[in-house]
Amino acid sequence: MQTKEFYWKERVHIYDTDSQGIVHYAGYYRFFTDASEQYAKSRFGLNWPLVNDKVWFVVVESYARYRMPLRLGDEIRTYVNAATAGSKAIEFAFKIYRNTDMVCEGRIVQVAIDKKAWKAVSLPRSIAARISGRTVKR
Amino acid sequence: MQTKEFYWKERVHIYDTDSQGIVHYAGYYRFFTDASEQYAKSRFGLNWPLVNDKVWFVVVESYARYRMPLRLGDEIRTYVNAATAGSKAIEFAFKIYRNTDMVCEGRIVQVAIDKKAWKAVSLPRSIAARISGRTVKR
Amino acid sequence: MQTKEFYWKERVHIYDTDSQGIVHYAGYYRFFTDASEQYAKSRFGLNWPLVNDKVWFVVVESYARYRMPLRLGDEIRTYVNAATAGSKAIEFAFKIYRNTDMVCEGRIVQVAIDKKAWKAVSLPRSIAARISGRTVKR
Amino acid sequence: MQTKEFYWKERVHIYDTDSQGIVHYAGYYRFFTDASEQYAKSRFGLNWPLVNDKVWFVVVESYARYRMPLRLGDEIRTYVNAATAGSKAIEFAFKIYRNTDMVCEGRIVQVAIDKKAWKAVSLPRSIAARISGRTVKR
């Protein structure tokens, strides 16, 4: 049950839902974003996806697989697992739980760029060093 | 400094901002919604704006006045002050603070309706009773 | 029936709705934004709210009054009426119609600022000149 | 250049962007949703994802790959290619173009369900029949 991983708790709000009575599919990315921002705040001390005046991270890929619907007021925990993806990117893998049910899983991949030149750059060392040995092939 | 009022703390996320580098004006209503849902959860024990199988609340008016911009990572406290507005409506007044600066104030007004008939009904007593004596003329 | 005013047509999408089966109250500001951006594109030839490298417009006030619910697939027309509000601001007034029913009305007020200094500046002449003689007191 | 495929044109709005000055990654799903709703309106005559009082479609998977950033005011065309995915699902594949540049591609997979029982059901014939012979293995 992943007890050692980082997770972020929150509630489903009315604006997360749509007229099917459940959370709108694109709304899960809000939960992914919240969890990755909190992860980065806690692990790297950064206002993610901004690193400094030169470097920030931009999303190059996103994916979600929906297993069970979520409804207004549901309490969720979004687990985050980060890995380097080559020398310039980070992959965040997410699993969202409501109690013991895994309701959604997915990922976002973010590449470090020089924000002026808008070109990919190497992962800042301070970040690469704090990400577990795990790496993802791309 | 309103220390006795209910407030809800949260952080500004990347999706709250727009390309002007600040929180998008409509995004403040997300903060208003979060705070009123938490207020209702704590005071009424409800998954606001749903009361029961028959009654829920719908928004009939919203207003915001923006005083200072908010940016990614800002920590805010949204203060909530609820009042009855006639026999069928509630008015939530909000003030958003970043540290000691009041950055935004506004309100939403919600009317109790019979969700099948979609007609206004009297405020449920359990709710009216828990709202401070204060009332707003409309 | 306001036939000479500018209006913008669009459909209500699933993401505009919430679990009450109707458009979420904050979603109407998306319609207001769409209509004002199209108005400014057509009247001023600008990517509103950006004017040039120095000046852009920021929202200082927003208001909406909801009269009838909107649902998925509804076709709407958002009428825009712009006025100067003092020497530095524009007020956009909106009325949203579904067929002949006025379902929502509201406004947003935007102030011209120097984006570097983040200080209010006079309305650019090219904009002020193209706004009808009408002016709003503030 | 896919001239025979269905596409939907729209502009990037200020609320689609975030403080990195580009469209927020989750915002592209709004473009996907718009295009699939318009596709279904035009091909099936439906208020997608609703089919009738019994059946509607829910999203079980979403994916996007971002190739180039989009900015406020950009004019885009979202191409839609639909295929059956087994007997109960539809896969919509999307490619978003700005002029001749393909800026984003992705997909959403939707399963037909009985909305009362919340169980997967066979694709309605009227829909299956109107989807090109193409099918996707899952």
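Order of writing sets the chain letters: A, B, C and D. Residues in each chain are counted from 1.
Here, a contact is a pair of C-beta atoms (placed from the backbone, for glycine too) under 8 Å apart; a residue touches a chain by one contact, two chains touch by 3 or more.
This structure is a prediction, so every number in the text was calculated from the model and none was measured.
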Half is the threshold here, strictly exceeded: which of A-D, A-B or C-D has more than half of its contact pairs identical to B-C by residue number? A-D
Count the C-beta contact pairs for A-C and for A-D, then tell me which is higher. A-D
Could you put a whole-Å number on the gap between the CA centroids of chain C and chain D? 28
Rounded to a whole Å, what is the gap between the Cα centroids of chain A and chain C? 34
In whole angstrom, the CA-centroid distance of chain A from chain D equals 23
Which chain A residues sit where two or more other chains touch them? 14-15, 20, 22, 26, 30, 33, 49, 72
The chain A residues in contact with chain B across the complex are 11, 13-15, 30, 33-34, 37, 41, 47-50, 72-73
Chain A contact footprint on chain C (complex, rising order): 14-15, 17-22, 24, 26, 71-72
Per the contact definition, I'd like the list of chain B residues that touch chain C in the complex. 20, 22, 25-26, 29-30, 33, 49, 56, 58-66, 69, 108, 115, 118
